[in-house]
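Next come two complexes built around subunit A: one with subunit B, the other with subunit C.
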Partner chain A sequence: MRKLALICVVMVLAFLPPPLLGEVDSALLQDSVTVDLPEPPAPPGNVTATDNPNDNGRAIRVTWELSADDTTGMKNVIGYRINRAEARDAADSLWTEASDILPSGTTEFIHSGDGEEDGPDYFAKNYDFYYRVHALTADTFSVSAVVGPVQAKDNWYNTGVTFVLLFVALFIILTVTFVRIARKGKELYIRPLAGIEAVDEAIGRATEMGKPTLYILGLGSAADIATIASFAILSRVAKKVAEYQTPLLVPCYEPFVMTVAQDTVRAAYMDAGRPDDYDEDSVYFVTSSQFAYVAGVMGTMIREKPATNFYLGMFHAESLLLAETGAMIGSIQIAGTDQIAQLPFFVVACDYTLIGEELYAASVYLSREPVLLGTIKAQDWAKAVVVGTILAGLLARLLVDLDFIKTVFEVSV
Partner chain B sequence: MKRQIPMMILSTIGTIFVLAYFSPGLEELEKGGSIFFDVVACFAFFLGGSNLVRVHIQKIARHNPGWGYSIVTLFGFGLMLFIGLFKLGNPLGIAGAPTEPGSWFQIIFQYCVAPLSATMYSLLAFFVASASYRAFRAKNTEATILLVAAFIILLGRTQLGLVMTSWVPDWLSIAQIPNLAVFIMTSPNLAGQRAIMIGIALGVVSMSLRLILGIERSYLGSDS
Partner chain C sequence: MATGNGNRKSPSNAVKIILVIVAVVFLISWISKATTGMADSTWLNIRDGFLITFAAFLTLSIFSFLYNDNPFYKFAEHLYVGVSAAYWMCLGFWSIIVGNFVPHASKTLSTFFKVPFQEYSWFYYVAFAFGVILLMRLLPKAGWIARWPLAVIIGTTAGFNLSRYLHSDFMSQVGNTFQPLFVDWQGAGHFFSNLSLAADGQLVMSAGNWIVVVGVLCGLVYFFFSKEHKGMFGAASRLGIWILMITFGASFGYTVMGRISLLVGRITFLFDDWLSIL
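The block that comes next holds the complex of A and B.
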C-alpha cells in the first residue's frame, strides 16, 4: 500500500512544473531517485599503499585487486580512479583525484609529483596520506576501503643500479691503478690515432700558407661532454697555433660556449708565451640558429679560405654542409664527434675522423702526459671487461639458459 | 687561485651529479645545479649579443672582406631585438609572448627565418650527392665493401630492388635485395654502432673522472 502511494506521488511530481518541486519533501524525492540507481560494481579489494622504492621521496605506489566485476561478474568496470586525502575520515569533498581514469585491468598506480611547493604537482615528503580506489562503470562506481597512513620517503640508494655502481667502482680501481703505474714512470702504450698525429702537420700547413686555422666546437652546450672534450683539444690546438703565430678563428654557436672558449684560448696563448697575440674577437658568437650558423660559418670559410679546419664536438645535420664546404676549398680537415649518425658524413668529407671515444681521448694524446695516459689505458681495459662480460653472458644464456644471467645485468633508473 | 676555484666547483658539482644517479635522495640537489647552470647561461646571452655587435661593427669599420653582410646581420639583429622587446604587432600587447601567433616577431620568424633555414637544409641533398661521389670509389678493399653495401641498401629501399630479385625462391629469401638491405642494417651496421656506443659510454665515464679528479685541466691553462 505504501509502495503504491509512493509511485503515485512520483507520477504526480513528474508532471508538476519545476518551481513546485522545491516544495516537495526532499526525503521522499531521494527515495524515489534511489530506486532507479544502477547497481554499483564490486569494489577493488586488498588495496595497499606503500612508499615507491628507489625514488626521491615524491611518490607512493598504490596496488589493488581487480573488482569482481572487472573481467568476471557483470564485466562492466571501465576503469579505476585513485583518490587521496590527508585524513582517513575526511569528507568526500576533501578527497582529491590522484589519477586520471586508469583502464580496466589495471592493478597498480604510482602517484608521483615534484618538490615545487607552489606547483600543481607538489608532493610532500614524510607526510601522512590516505588512499582509496574507485571502480568505475559507465554510470556509477564503488569505493574500496581506505588505506593509510603512508608516507613518501627519500631513498638514499637506488638498488636498480647496483650493477652500474659495481662497474663504475671497477673502472675507478682500474683508473687509479694505471695512473699510479704511469706515475712510477712505466711507459704505457696506447694505439696511435692518425687524426691526432696530423694536428701538428695541419697547423704547420696553415702557417706555411699564411691562412687561418678554423676550429668549430659544434652545436653542443658547455655542459655536453663532447664540447668539454673539445675545449681540452682547443687548448692544445690554440697553444700550437700561438707558437706558430697562425691566426685562429673559433665561430661559436652558443654564447656560453663562446665565453669558455675565449678563456681557454686566452690561457693557451699565455702558456705559449704570447699573450699579446691573443685576439679576443677570434673567438666569436655567430648565432644559436642551426642553419643560420651554418650559413655564417660557410661564408667565413669561403671568404677566409682557412688551410685547416677542425670540427670537434657535437654535430647534427650541419656536419656534411660544413665538411663539404671545407673539402671544396681544399682545407685539411680533422673531425670528431660522438654523434653516431654524423660519423659517416665526416668520414666521407674529412681527411681524418675521430670516432666517438677517440674525441674524448684526443686531448690526452696531444698532451702525452703519463697520468692522463693512465686513464686511457684504464678505459681500454674496461672495454676488454665489457666485451668479455658480453661474451660470457651470451655463452651462459645459450649453453645453460640461466635466468639470473638476464636479471643480473638489468638496470632500472 | 684562478684555476683552483673553477676546479673545486667542477669537482663538487660533478660529484653531486654522479652521486645523484645512484642516490635518488640527491636528485633535487642535482636539479638545483642544473637551474644554476641555466641562470649562468642566460647571462652569457648578453655577452654573446655584445660580442656579435662588436665583431660586426669592427668588420664594417675596417672594411673586411664581406663587410656588407655584417650590415645585414646587424640590421637583422637590431630589428628582431626591437620588435621582440617592444612586442610590436603583438595581439596581446606588451603582456603577450614574443612568439604569439600574429605578432610581427612570429611573422618574421615564420616567413623569413624558417624558409631560409629550410633552404640551407635542402642544400644537404646536393652535398650528400657530391660527398657520395667521392666516397663511393672502389679505391681499396674497404671502399669497395662500402660501395657494395651502399648499392645494396640503395636498391633495397626502392621498388627496383624488389623487382630485380623477386624470382629468388623463398628458401633463399635472404638473397632478395630488400632482405639483404635489412640484414645489412640490422646486423653488421647495428653491431658496429653498438660497439661505438659502448666505447662512447666508457669514454664519457673516463672523461668525467679526469675532470672530477682534476687530472684533466688543460682547458684552464697551465699552472704558471
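The block that comes next holds the complex of A and C.
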C-alpha cells in the first residue's frame, strides 16, 4: 500500500507543470542553496544639495560626481535616481523618489515643485530636507552618502537678469538725458517714414469721398506693446478725423481694448474741439473669437466701403484676410505690426507698412512732442550700444579662438 | 455692430429662386445623410445628418464671400459672430468667475455652483473689486473711476512684459548673434583643400553665420530713426531692408503653405464628410 502511495506521489510530481514545480523546488531548497546577488556599482560621489538660486523657493539643486561604473564595465550604471527624506536617518520606507530614472552621465538634477499644499507637487520652502543619489544597474543599485539638511528659499533678486537691469538703467539715463535736451529746444532730427506721412493724405481722401475711416487695433490685449503704440496713433488719427468730420469705425476684438479705445477717441474729439461729434457706437466690440471677428470686420468693410483702413497693432492669421478684403474694395491701407510672421502679408496687400519698431515710433512722428522725440533718440543710442555689444562679442570670440589667429599668422608667413 | 445700409430692398425673384434651390438642396442632403447614417438610433442619424449638412452650408456660405457680399454670407457671418461672442461670455463666466473667484470667495456660492471650495484669499477680492470698478463706466457720473483699474492692469502688464521681453527676446537674440565667423577654422590650406557646398560644410556654415551677423547689424541700422540714411549708413540701411524683405518672402511662402493645408481640410470635409465621394 505504501509503495502504491509513493508511486502515486512520484507520478503526480512528474506531471506537474514546470512553474509549479519550480515553486515547489525553490521552497524545498530554500535553506540549502546560496544565491549569488549581483555586486552593486560604485556609488555616486561628492553629492551636494543646495537651494536653487533665482527662484521662488520651491526647488533644490542636487549635484553629484558620476559613479566609477557609469556606462563602463560589468557593473554598468544605466541611470541615477534621487531620493528625499525629512530626516537623515529616516527608514528606507520614508525616503520618497524625487526624480524619475535619470540617464547615465547625468550629474545634476533640480528637484522642484509648487506651492499648492494639497497638490501632488507641493514643495515646502524653508523646511529641512535630506537627499541621496542611487546609481542603478540593470539588476541592483548603490546609494550615495546622505546630504543635508538643505532648505529651499525664495530669492528677492534674480541674478540672471542683472544685464537686463543694467540695460534698463542705461536706457532710462539716455531717455532722461535726451528728453532734457529736447525740452531745452534743441531740434532733434528724425528721418521721414512714408507710412506715417501718408496718414493725413489717407484721411483726407476718406473725407473727399465721404466714406468712413476704419481703424483696427488687432488681436492684442490692451497691455501689449503693439496695442499701446496703436492707441497713441489712434489718438492722432481720431483727432484728424474729428477735424475733417469724417466717420470713424473701430471694431474691437477685446473688451479691454474697446474700453481704452473709446476713451482715446473721446479724448481726441475733445482735443479737436468737437466733443459733440463723438459717436460712442463708432468704437464697438465684435467678438473675442479670431475668425468670427474677421468675418464681422470683412462684412463691415464690404458694406461700409471705408476709403481708408488702418491695421495697427498685434495681428495673427487674420492679417491677410483683412488686408485682401480692404484691397478688394479699393481702400488706402496703412498697416503696422511687430508680428514678424504677419508683416509679409501686410507688405504685399497694403499701400504702406510700418515694420516692427516703426510702429512704436509712429506716435512720435505724428505728435513731434519733445518728450517723445527724446525717447526716439534714446532708443537709437540703445541700438548703438547693441551694435557695439555684438561687434565686441564677435571680436572676443575671434580673440579667444587663438588657434584661428595662429593659423592666420602661419598662413600669412 | 455698425453695419448694414439704410435702404433695405425686398429680394428679387432671382434671389428668391436661389434661396428655394438652396433650401431644397439642404433638405435633400439632410434626408440623405440621415438615411445613410451609421449611428445606433434614428434620432442620432437625423441629428448628425443635420449637423453635417448645416456645417457644409455654413462653409459654402463663407466661401461665397469670394464672389461678393450676399445673404448667405451675411447669415453665416452674423451667426458666427453672435455664437462666438456668447460662447466667450459663457466661457469667461464659468472659467473666471465660477472657476477662479467663487472657490476663493464664498463657501455658499461654491456649494451653489458645485465647485470645491479652496480657501479664502484677499487677492481674489481685489481682482473682483477691479472688475466692479471697471463696470462703473456704465454710470455717466462715475465713469472716470473705471480708468484706475485699467491703468493698473495696463501699467503692471507692460512693466512685467518689459523685463520678460528684454530677457527672452532682446538679450537672447544678442547672445545668439555671437556666431563663429570662421567655423572650425584650421587654416586657409585646410579650408580650400576641403572646399565643399554641403549644408554642414565649413563654407556653407561660415557663410550662414556671416549672413546672420551682417543681417542683424544692417537690420538694426535700418531702424535708426534719428540719423539720416546717407553714405555708408544709408547703404547698410538699404541692405538691411533687402534682408528683411527676403526674410518676409520666405516667411510668406511658408505661411501660405500652412493656409493651403487649412483649405485642404475644409475641402476634405465637403467632399468626404458631406458628399462622401472621396
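As a working rule, the second predicted complex is superposed on the first by the 338 of 413 C-alpha atoms of A that agree within 3 Å, B and C clash if a C-alpha of one lies under 4 Å from a C-alpha of the other, contacts with A are read in each partner's own complex, and residues count from 1 in each chain.
Everything that follows uses one rule, which is that a residue touches a chain if its C-beta (ideal position, glycine included) is under 8 Å from a C-beta of that chain, and two chains touch if they have at least 3 such contacts.
What you are looking at is a predicted structure, and each value in this text was computed from that prediction instead of being measured.
Participant: Putting subunit B and subunit C on the same copy of subunit A, do they fit or clash?
Facilitator: clash
Participant: A:F141 contacts which: subunit B (first), subunit C (second), both, neither?
Facilitator: neither
Participant: For A:S221 in the superposed arrangement: first (subunit B), second (subunit C), both or neither?
Facilitator: Touch status of A:S221: both partners.
Participant: Could you tell me if A:T264 is touching subunit B, subunit C, both of them or neither one (first, second, both, neither)?
Facilitator: In the superposition, A:T264 touches subunit B alone.
Participant: With both complexes overlaid on chain A, does A:G393 touch subunit B (first), subunit C (second), both or neither?
Facilitator: So A:G393 only meets subunit C here.
Participant: Report for A:A361: first if it touches subunit B alone, second if subunit C alone, otherwise both or neither.
Facilitator: Both: A:A361 reaches subunit B and subunit C.
Participant: First (subunit B), second (subunit C), both or neither: which does A:Y284 touch?
Facilitator: So A:Y284 meets both subunit B and subunit C here.
Participant: Tell me the contact category for A:A349 with respect to subunit B and subunit C: first, second, both or neither.
Facilitator: In the superposition, A:A349 contacts subunit B only.
Participant: Does subunit B (first) or subunit C (second) touch A:Y244, or do both, or does neither?
Facilitator: neither
Participant: For A:Q379, decide between first (touching subunit B), second (touching subunit C), both and neither.
Facilitator: Both partners.
Participant: Out of 26-34, 98-106 or 152-160, where does subunit C collide with subunit B after the chain A superposition?
Facilitator: Stretch 152-160 of subunit C has C-alpha atoms clashing with subunit B.
Participant: Subunit A residues touched by both subunit B and subunit C?
Facilitator: 161, 164, 168, 221-223, 225, 228, 256, 259-260, 263, 281, 284-289, 291-292, 295, 299, 303-304, 317, 320, 340, 343, 345, 347-348, 355-358, 361, 376, 379, 383, 386
Participant: Name, in rising order, each residue of subunit A that touches subunit B in their complex.
Facilitator: 54-57, 115, 154-158, 161, 164-165, 168, 171-172, 175, 179, 221-223, 225, 228-229, 231-232, 234-236, 252, 254-256, 258-260, 263-264, 266-268, 270-271, 281, 284-292, 294-295, 299, 303-304, 317, 320-321, 323-324, 327, 338, 340, 343, 345, 347-349, 355-361, 363-364, 367, 371-372, 375-376, 378-379, 382-383, 386, 413
Participant: Per the contact definition, I'd like the list of subunit B residues that touch subunit A in the complex.
Facilitator: 21-25, 27-28, 37, 40-41, 44-49, 51-52, 54-55, 58, 65-66, 69, 113, 116-118, 120-121, 123-124, 127-128, 130-132, 134-135, 193, 196-200, 202-211, 215-216, 218-222, 224
Participant: Quick one: which bits of subunit C touch subunit A in the complex? Just the residue numbers, please.
Facilitator: Within the complex, subunit C contacts subunit A at residues 1-5, 62, 65, 68-69, 73-74, 76-77, 80-81, 83-85, 87-88, 134, 137, 146-147, 150, 153-154, 156-158, 161-163, 165-167, 170-171, 174-175, 177-182, 185-189, 213, 216-217, 220-221, 223-229, 244-245, 247-249, 251-252, 255, 259.
Participant: Which of the residues in subunit A come into contact with subunit C in the complex?
Facilitator: Listed in rising order, the residues are 160-161, 163-164, 167-168, 188-191, 193, 221-225, 228, 249, 251, 256, 259-260, 263, 281-282, 284-289, 291-293, 295-296, 298-300, 302-304, 317, 320, 340-341, 343-345, 347-348, 355-358, 361, 376-377, 379-380, 383-384, 386-387, 389-391, 393-394, 396-398, 401, 403-404, 407-408, 410-411.
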